Structure formats: structure tokens, C-alpha cells
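Chain lettering (A, B, C and D) follows the sequence in which the chains are written, and residue indices restart at 1 in each chain.
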Amino acid sequence: MTPTDAPGHDVTTTLDFLLQEVDGLRTRWVAPRRLRVDLPAETLPALLELLKGRAGYVHLSAISCVDWPDDGQFELVYHTWSYELNVLVMAHIRIPRDPGVYLSIYDLYRPAAFFERDIHEMFGLWFEGSPDMGKFILTEWEGPPPMRKEFDGEAWVMEQFGWQEYRPEWLTEIEAKGGGISKRPEQLRGDKGEDGTA
Amino acid sequence: MRPENYQAVSHPPSHEYEVFFGPNHPGIEGNYALKVRLHGDEVTAARADGGYLHRGFEKLMEGRLWIQNIALVPRICVPDPVPMEVCYSLAIEALGGLEVPERAQWIRVMQLELSRIAAHLFTFGGNAATTGMYTPMFWGIADRDLILDLFEELSGGRVYHIYNIPGGVRRDLPEGYLKRVSDTLDYIESRLPDYDNLMFTNQVFVRRATGVGIMTQEQALDWGVTGPNLRATGLPFDVRRDDPYLIYDQLEFDVPVEEAGDAWARTLVRRAELKQSLRILRQVVARLPEIDGPIRAPIPNPLAWNLPLGDVYTRVESSKGELAYYVVSNGGDKPWRVHVRGPSAMHAVQVLEHLVTGARIEDVAQIMFSLDACPPEVDR
Amino acid sequence: MTTPLDLLLFTAAATVAGAFALGRWRDIAWLTGAFYIAQLIQLTGLDLPSASHAGFTLFGQLVGWQMDGFGRFFAIITVGAAAAATAYMGGEWGERYRQAGHSLVWLHGALAINVLAMLLLLAGNDLIALFIGWELTSWASFLLMAQGGERALRAALRYVPYAMGAAMAVLGGIVLTHAFTGTLQFTELAQRVPQLENWQLALMVTLFGVGFSIKMGLLPFHLWQAPAYAEAAGAGTSFLGAISARMGLFALALLLVKFVSLTRLADLEFVSGLFDARDLIAWVAAFTIVLPTFTALKQNDARYLLAWHGIGQGGYMLLGIVIGDATGSAGGLLHVFNYATYQAALVLSVFAVLHRTGTADLNSLGGLVTRMPLTFLVMLMGIIGLAGLPPMNGFVSKWLVYRSLMIEGRPLLFLMTVIGTLGTILSVYKLIHNTFLGQLRLEHEGIREAPWSMTIPMLVLVGIGFVTGVAPGLPLQWVNDAQAALGLPVLPHTLGGVESSQGGLDMLWVVGVLFAGFGIGALLFYGVGNRSKRIHQLDNYAGGHFLSADVRYHYSDHFYAGLMHRIGPLYRGSFTRLEEAVASANDTLAALMQAWYRQRVPMLTLLVAATAGLGWMVLQ
Amino acid sequence: MTDLRTIPVVAAGEERPSGGQGNLLARVFDELTAFCRSRSLFMLHYCTGCGAVELPPAMTSRFDMERLGIQPMVTPRQADILLVTGYVSTKTLKRIILTYEQMNSPKYVIGICSCTVNGGMYWQSYATAKKLNDYLPVDMYIAGCMPRPEAVISGLRELIANIRAGRSDYWRDYYRRYDHYLGNQQRLFGENWQTPTDVIAEARHYGLFGPETLGEHTALLEQHQTPLQPFEMRLGLKQDKGSSS
């Protein structure tokens, strides 16, 4: 198979055929080499095991976490890549936001250790069985997990540092001529807040 | 708050002692730390310590408009910023269903490859300096400056260009630009024998690098290593070829591979990639004048640009490895979530800790630089 | 009627008697110490040469004693080392030693016997007197080595076969000499030996050389020495390290320079015109400098480290004497004196640390400078001397040896000495760094300075080292006497050093400039700025990290691991194997001799050997 | 000879006594010191942020900072200049303060990049400190994102001129107004923040004890300070005499 070619019919069918073995999947080809799989959280390990064992999905490209506070859910996306099929499978699962606990896939993919630790730091999720859930980046951070949507970084900054007045002479001159900043930063932030809720 | 524990224990552990590599250490790349436990000069355990460069990019990007983030992304990897811009732009284009004009794609490839050359020259300098050879650093960085001059002419910025925007590139090439690119390529190509003499055939360097930090192909796959570090173990995987983006499938280039998997093999792979990048750039310079057309797809008012609901995972090959962006849109004017998969995240933490353990203290810096770890990618 | 030498020997004998008779008295050290001082005074006032009335005839040979300048030079060092060691034993150290269940009587007694035996050896006027002194010294030093517990005894027992071998070789040499020359008197030997045939000379030099080299610890007979000296009881180690092995050097110099003469030695050629016996000995000396010094680098026990240096430094002395010009031989002889001062001080300081902390293991010490500053000062001055740097006296003697090697056109030997010095500097740095610098261990928090009874002898010793470093002219007088007695050219000297057309050395100037430099620095530091700040150990910079007290940052274990990675394979591959081969050969040979000599039919063996020897003499 | 310390040395940056007053020798000495200092500057080799990427070009062949007498130095004890190259995350800022306090006086801080001025494009980031001179006395800012090597070099030349003229003495400000700086640090790092360096004692030692050295924040520090135990260097200190005799 020539690598630059888009996956041919055979690859597509192989993968589709293979994925029938797992229950509760919804598969969708979003791009020539991107297969999106939505599945219930409990079947993910089975899917990954199948992909790794039968289709050469040895490369875990990333684990992404998305916070959906309105749904009360975290979405976890496992991006895996097969060096044989050259197709990226993105497995989407949703887990409830409240306990925020899921299984580690470290025994299948070693790189998971880094991503799971990162998600734990940034979102506060807990992965059972992950080798090291210690802090790495935010070792000296005592606030809430910053990537959660309810953490308002900007407000935190305002509280911690305060807004710094910056009015050099040239700005005053411009303003005297009728120019200058049309919207104060407070106004801007106020607007944003309205937009965000809308 | 004091960061570390000051309480004494009754008996200090004997026969082993600790050395801190970084955050301020000449043998560390960037603002990054490695705590090393030593027995004599042999490393018995190592622990990476990041977060010194953490700026919360992913959070910041959620608070800014789609187009504003273009100014933010190149800062994620300082020595090799262009792949960041391109990867993010590709994601937005995929989400918004934009078709990038062909000319813009060629210009982007030119930028990507120039950036790769610049990053590799930078790395060679640091890598040579770990063995006490400072001339490659002086030469490499001075030669890299010529590429930065090209960037500056194109975009106004030496290091951060903000030249690739969703839909294409910001403006067309200046007059005579390709000639100057071609001249620079000639010059860099003419310098390669000098670099070979100075570094790649220099026994001081070869002996220090050979057999240091060996990583087998199984380990590399197991640890999720990508890029030159993976190719140095014998697996010819390159996102440009195996998951092509832009117009890489129209270009001829090889994927250089080494088998040994040690620091020397990794350096050789980068050296060979430099040549391949030059080869790609020659093709681009030859083809680009023929390709006419717009340089940018029309985009809606960027200040009020709501992208449709959806998510996308885009990957490009940066000089460090597989760089990927996972971008989620909830239909608003700002990203709902951007996840940056920095290639260094893999080899600067897990792999580094593994490879350093059992090595000798003088090889730690060598291993770190041969892996070409980029700490800001890890910390984001 | 008694002569001064008789009186000296009598005093030495009285010391032995006093040590044994009054040994249980608490302040016996004062008595023996006073006796040593008395001997020292007698020695310095001795008219040269000074003969003894004692004497007898054996096998028709007159056996007598007479001390010349050469013997006196060594005798002064011997008695001085004994005096320092005795003072050290007098106070708290001796008390602790006794409480540990050891016998202070035997330690004092063994030391006094050693001194007496060595004086007899040094004053010998013929080969039989030399042999008597030789045997006495061997057994006396065995006695001293064995005073230190189980391990010391085992190490001392290892020495026995070597001593046996040496004695047999020397005895054989004496028989041969008599057979060849018909006399055993030193004065007559000096005239007759050079006239011998080459093969006779070679045989004689080999037999005597082996015997004397064993005592001196010359390569390849050096393996017994380090453990035997290191494991002895504290003051014993300092005495043994300072002088005991030099008896071998004394005898060797006597043989090579006085009897055979260096020019005659050069006639024994291995490769015509290129390599002769003198070169061989010089190269053996050079290797004795390098190899044991780098072995010392590997040691993790401070006592062993110093003991290995003792072997290595012997190489400088022999090298200087074998070079044989005025500068070189003066350097070699002066080094005996200088080495004794700082080696004794260093050993004593190590034992002071051992006394306080209970360990001499370099991996488990550190940071003691805050607790034992005087001991640190002693060790600092001592290692400056051992490394051969001004202002200590080690610099002068090493300088003289280097100088003569350069004047005599021996660049390769010079290179070897420099390599040896490099190894010395590295290893003494390890010694002081691992003991006194860096992180203080928690268990040593409550350590106090060593008691005065221990610090004063150490300080006196380094004081002597410093004074003779600034004014090397003082010991050079004795060295000149020794040179004259050996028949070597005499080095003209001044108080500050050497004046010569080929470049002199004036230590008064060297030290003056050195201290002027320090003075300028001190003036700038205290006078102008004095804005220095004292910082806490945890206020150290570690790449931007905050240090915590519970982690070890002090690099002492596996010191010089990088260097050891380079030279370790050499040691493992070739040198150790050679070492083992030589050791096992030596041990086998010695065990064989021991077995014959002691267990089988000793009378018969002796009879056979004596008969064979006598028969051969008759046949001649 | 009189004690050199009794000669009044004109403090750099302060109002100089007009001609005729002061000690001529001391002034010559002062001038000489400033001259020498300005011509051999060691900057700490600490890549704190992304601006560090423009330092290698400034140091190497093309722009060659060394011709000004400026060289990187690996330890702060021997360094004169602390270059803060770009944004400082709070984690890094702690290290920068530690490093700064361990540097020997006189010491100079240069803030490179816009981020050190006001947080730059990370103004809303929860992880980065915004205004460097809240935490450390900054001698000079070189703004830009990121400033070109020429800008860096011209900034350094400006600093050299300032040192030469005795205008750059903000390090004294850290001692004189320690309470102010410590207060800002405590606000960001929590009230039990402390570094191993005893700045107050140093201020007394250097004779730079000002009215604002002590204040409510230093009182807070003393309240939370844990002593550095137990590996102490105690050579020659008075309290040791009792135990050693």
C-alpha cells in the first residue's frame, strides 16, 4: 500500500468490519483518514484492546478532555493511530462530571500516563490505575483545576493582580482630540460575559 | 508558600546524592528541570519537573476569538513556531469548511520547511555545546539568523510571524523573495560540509554521542515517541508522508531513518532531514512562480466569526515530531476547547526519565539535547 | 668508657626498659616522651662519625656500630616521629585505647623497641650489624603493627612472610658479599665492591635489592605495606608511616650509592648504551610513584589512602637518590624528612577524626570543618605538603627532585613524577573534601574538636613542616652531612633554599610573595570591601531550586567516578592481575620459606644452608 | 594609614557632594569601580521565557554581545545581571526571586519582552505574573514581543552607561523597601512564603536599612519563618564556642 494514498476501500471495510465486534459503537468517517467512534464509557477498553491487538493501533497520539458543564459531563477523546492502516481513530466517550473518575488505559498505552496526569491536573479528573497522578505542571498551584469551565481565569487575575492603569501622555493627547479607546476594558469584559451566556 | 519540604529526617540517605538539572542550568533546554539522583556519576533515578513555562494557553485560547488565537499559538514552541500556526489554521479551516488556495498551501510548506531548518540548526548548536564544542553553536545560530531574516522580510517578525491565518496566508511574497530564498538555500547547502567537518565527523562528538541514551524501536513505540527520535530507531514514520496535509503529497522527499536509536542516530536523522528540507524547498522555489491565484480564501468578518459545531484533530510534522491540535467548537466565536499535543510532551518527560536513568551525569545534557525536547510545548 | 653513641643506644634501651617496667603508670607517655627528647638532643649534638665501644667478633668478622651523617639523618626523623606519636598517645587517645581493652604497655614498649632497633640498624658499621638491626626492626615493626586488634594482626601476619623473604634475601646477599669480597666492613666494602665482576655485582644487587625493596615497599613488593600500616593503632600508624619503611630506603641507598656506586651501577647494562641497572631502578621508582598513588585515589578509608601514599612517596626519595647529583640526592633525602613531618601529621589528624566520629570511611564523613577546625587546619597543611605545594616543605624536596630530573635530561621520568603528583593532588583533595567539606551529617552534629593532647602534636608537626618549608636550610644541613657520608656531591644551600647557577630556589622569597598575595587579598577583603556575607548551607544555589535539609547534595561516595571509569579498566585488566600474580608468587615463596624455616626441621634447614654457604666459602 | 572604611565613599546614584567636598581619593576609587563594573558584566544564564530565544543570536557571531564585555554566567553568585526574558510563570518567579536574592550586590535586573512590563499577551493568564517590578527592582525594561537582538544590545549599552554614570542602583531599593516587595510576593505566593536568604540581616550588614525595610509584611514573614535546619555552617560564630570547648 502506498502511504500517500487515501485509505482505500479495503482499509475502510476492514476497520468497519472489525469494529462490529464491539457493541454500542457509532462510527463516522469525518475525513479520509479520520474515523470518529462514539461509544459508551465502559466499552472503551475493549475497543482499544481490539484496535491495538488486531489493527496495529500502537500509537496513542493524545487523550483530550472537553468540559461540557451544561451536560454535566466530561468528554474524553482517545486519538489512536495505526502505523499499518494509517487511519486515525478518535474514540469519544462521555463520563459524568460529578465524581469525575475513569479507568486508566496505562496498561495498554504507556503515553497515557502523561495525558492522564495532565487531565487530572487541569480538569481534576481521577484515573484509576494510572501510575502517577502527582502534579507535574501546577505543582505550586493551590486553586481549582484551571481548565474547568467554572474557573474564570480572568476574574482570578483581576482579583490577584488588579487592573493596571495605563494612560501615557500620548494617549491623553489622542483622547483630547476625540480618539482613543472607545470601550473601557471593564465594558469589554461585561460584553463578553453577556455573549458567553447567550 | 515555600515550595519544598525543609524538615530534616534523621538519616540522610547515604551513597546517593541529588543534583538539580535546571531550571537554570546550562545543560538543560529552556526553563525546565530534571532532578537527578546519583551514585557516583551514575544516574540511579531521574524525575522531570515542568511547569516553569506554563502560561495556560489552552485556557487563554478559550477566552479569545478564533482569529486572535493565531497570535497566541506560535508562542507554544519558541524555536519552531510555524507548525503551530499552520496546525491551528488547518483545524479552523477544517471546522469552517474553508478551502485553502493552492498558492497559499505552497507558501505554507515553504515556511514550514524553513522553520524546520532553523529549528534543526538551533538544536545542533545546543547539542554540540553539551560536548564542549561551542563553534557549531556560533555558526548554527548565525546561519539560522539568515532564515530569520527571510521570515522578517515576509512577515515583519523574526521569531513569531503570525503569517499563516485561517484561510491562507496574510500577504503575498515580496518581489524577488524566491531568489533570496534560493540564495539562502545555496548558502546553507554550501555550509553543510563545514558542519560535517565541525560536528558530524568530529570524533569528539561522535564518541560522546554513540551508544548514549539508546532507545529501541519497541520502546519508542511503547512510549509514543514520534518525529526524528522515532525515525532514529528505524521506523520511517513521517506525518508529512503518511498523513499528508497541504501539498506534501505532491513533493518528492525521503524519510531518513537510522537504526541505532542512540543520541548519535538521532543527530544523524536531523542532519539528513536538513537535506530533505532543502530538497523540498528547491521544489517549492521552482514550482511556486507557476502557481498563481489568491493567497487567501475569503473568510467572514473575523471579529464576528462563529464556526459551526464540531471537533477536529489536525496533525503536522514539526521538527520535534507529531504536533497535533484537537479543536472543539460549540458554534461560538471562540474555541470551546483547544488541546495542544506537543511532540515534546512524550520525549521530554517519560522518555527522558527512562533514558537518563543508568546513564552517566555528563551524558544527561547530551541525551536531553539529542531528544530535542522543547519545554514550552510540554508546559503550554 | 662510653662514647656519645653508646649513651644514645643506652638511652634508647632505657626507654624500652622504662616503657615495660612502668607501663601501667598513667603518665608513662611523659616519661618515654622525655626519653625520646633526650635522644633527640643527643643526636643533634653528635660528633660525626661517632663510634660505639660495643662490638664483638662473629665468624672472624668484627661486628661494630658507628653512626655517620647518613645514619644520623634517619635517626633524627625516627626519634622525632616516636616523640610525636608518644605525645599523641599520652592523653585522651591513650585512655580510650586502654578502655577498649588494648594494652598501652605493649604499644609504648613496641614503639621504644622500634626506635632502639632502628638506631642499631642506622648505626651499623658492617653487614652483620646491619642484619642484626634489620631483623630487630622487622620484628619490632611486626610487634607495633599487631597492636590494634584483629584486623591489624591479620595484616601484620601478612607482613611476616615478606619479612622472612627479605631476611633470607639479605642473608644470602651477605654470604655472597663475603664470598666475593672477603669482608663485611662498610669502609672496605666501599672500596672492593666496585671492583667486582659485573655478574657478581648483578647477583649481589639483586639479592640485597629484593630484600631492601620489600621493606621499603618498592614495586612490585609493595602489597603488604598499606594494610599493615593502616590497620595499626593510631600512633603506631603515624610512626610506621613516617619512618619505618624508610629503613629499606636507607639500606638501599647504602648499597647502591656507597658500596656499588652509581657509576658502577650504570655499567650493568641490559641494552647496551640504552638501558642499565640504574635506569631500571629509576623507572621502578617512577612506577612506584605512579601506581600506588593512583591506588590511593581509589581508597575509601582515609588510613589506607595515606598508607598507599607512603608507598608512592618512597618513589620520589629513591628516584632522587638514584639520579645521584647534588640536587637530586638532596631532594630525595630531604623528602624523607619532609614526608615524615606531614605524613605523621596527616595520620594523626585522620585518627583524631576517627577518635571523634568512630569512622575513617571517607563516604560517611563530611562537613567536619565547622566542628574540628584545628584538625582541619592540620590536614589542610598536611595535604599541601603531600601535594608538594608551597609554603610547605614538601614543595622544596619535590622541587629539587624535579629540578635534577630536568637538569639531568630525564624528561620521561619527570613526566612520571608529574603524573604522580597529579594523582596525589586529586587524592588528597578527596581526603579533605570528603572529611571536612560539604554537608555535615546529622549524626556528627555534636562532634567537638579533638583534645589538646592530640591537636598539639599535630600542630607541632605541621609547624615543623611549615618552618622547614620556609627555611629548608635547617634540615639541609643534616642532608649535607648525609650526602657527604654517602660520598655524594654536596648541595650548597642557604637558609631559604638552594643557590645554583642553574636556577636557585629561595623559599623566603616564594613564601614572602605568596603571603604578600594573600595579604593584598586580605587587605582588599577586610580593608576596602568587607561586604561579604556569611550564608547558610541551604542558601546555596542549585539551579534555582529551593534546597531542603533532608537530601544529600554532597558528592563524596564514588569520588572521581569519571576518572575511575577511565583508569578503572586499566587497573582491572592488567595491573590488578599483575598485582595478584606477584602477590601470590610472593606469598607462595614466603610460605614455602616459612614452612621450611619454622615448621619442618628448622635446625636441619639452617644447618644445610649454613653448611652450603660455608662450604662454598671454603672452596673459594 | 587610616582605615579605608573611614573614607566616605560616595554612594552611586545619590546626590554627590559638590566640588571641594568629599574625599578625592574616595571619588577616584568610586569612579574606577564604576568604570570597571560597567565593562565586565556577567549575565545570569537563565532562560526564563520565550525572549531567551533571541539571546543566542545576540551572544553569537552575528551580533556578538561579548564585545561589550558581557558574557553568560552559570551561577548567580558570580553574575551581575539577571535577565528576565519574557513572561514569568509564578513557579518561575519564585526561582527568580531566590536567584536574585542570592546574587551579590551590585546587581541589575533587566526585563525583556512586553510580558515583564504588564503581562503582555498573557495578561489574563492565571499562571503568569504581570508586572515584574512589583516583585523585584527592575533597572531596565526592553519592550517588544520579542525585542530584536539589536534592541537587547542597545538596552544593555544603556545599562552600561547607567552603571558608568552611577545611575543604576535599584538593587539598593530592594533592601530599603523590602517590605513593599515582600508584600507583593506574599500576595502572590501566600503569606508563608520565604526564601533562604535573610534579606533584612543583609540590609543591616550593607548599611542599607531603610524606614521601609521592615513593615507588616516582614512581621508576617517572621511569624511564618521556619529556621533553616539542621545542616548549618557555623564556623567561627559566637554561639558555637560554648559547645566546642
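Structural remarks
Convention: contacts are C-beta pairs under 8 Å (C-beta built on N, C-alpha and C of every residue); 3 or more make two chains touch, one makes a residue touch a chain.
What you see is a predicted model; the values in this text were computed from it and never measured.
The chain pair with the larger count of C-beta pairs in contact, out of A-D and A-B, is A-B.
If each chain is reduced to the centroid of its CA atoms, subunit A and subunit C end up 74 Å from each other.
Between the Cα centres of subunit A and subunit D there is a gap of 41 Å.
Rounded to whole angstrom units, the spacing between the C-alpha centres of subunit A and subunit B is 21.
Rounded to whole angstrom units, the spacing between the C-alpha centres of subunit C and subunit D is 54.
Contact of a single residue of subunit D with at least two other chains is seen at positions 46, 76, 91, 94-95, 99, 124-127, 190, 228-231.
In subunit C, the residues touching two or more other chains are 439, 442, 538, 544-547, 549.
Counting partner chains per residue, subunit A has residues 138-140, 142, 146, 151, 153-154 touching two or more of them.
Taken as a graph of touching chains, this assembly fits none of the simple shapes: it is neither a line, a ring, a star nor a complete graph. Subunit D contributes residues 90-91, 94, 118-119, 123-127, 129-131, 187-188, 190 to its touches with subunit A in the complex.
Against subunit A, the residues of subunit B that register as touching in their complex are 1, 3, 48-51, 54, 56, 58-60, 63, 94, 221-224, 226, 235, 237, 241-244, 249, 311-313, 315, 322, 324, 326, 328, 332-333, 336-337, 339, 341, 345-346, 349-350, 378-380.
In the complex of the two chains, the subunit D residues touching subunit C come out as 3-5, 46, 75-77, 94-95, 98-99, 102, 105, 195-197, 202, 205-206, 228-237, 240, 243-244.
Contact residues on subunit C toward subunit B in their complex (touch as defined above): 363-364, 439, 441-443, 538, 542-555, 557-559, 561-562, 564-565. On the side of subunit A, the complex with subunit D involves touching residues 138-143, 146, 151, 153-154, 156-157, 160-161, 164, 166.
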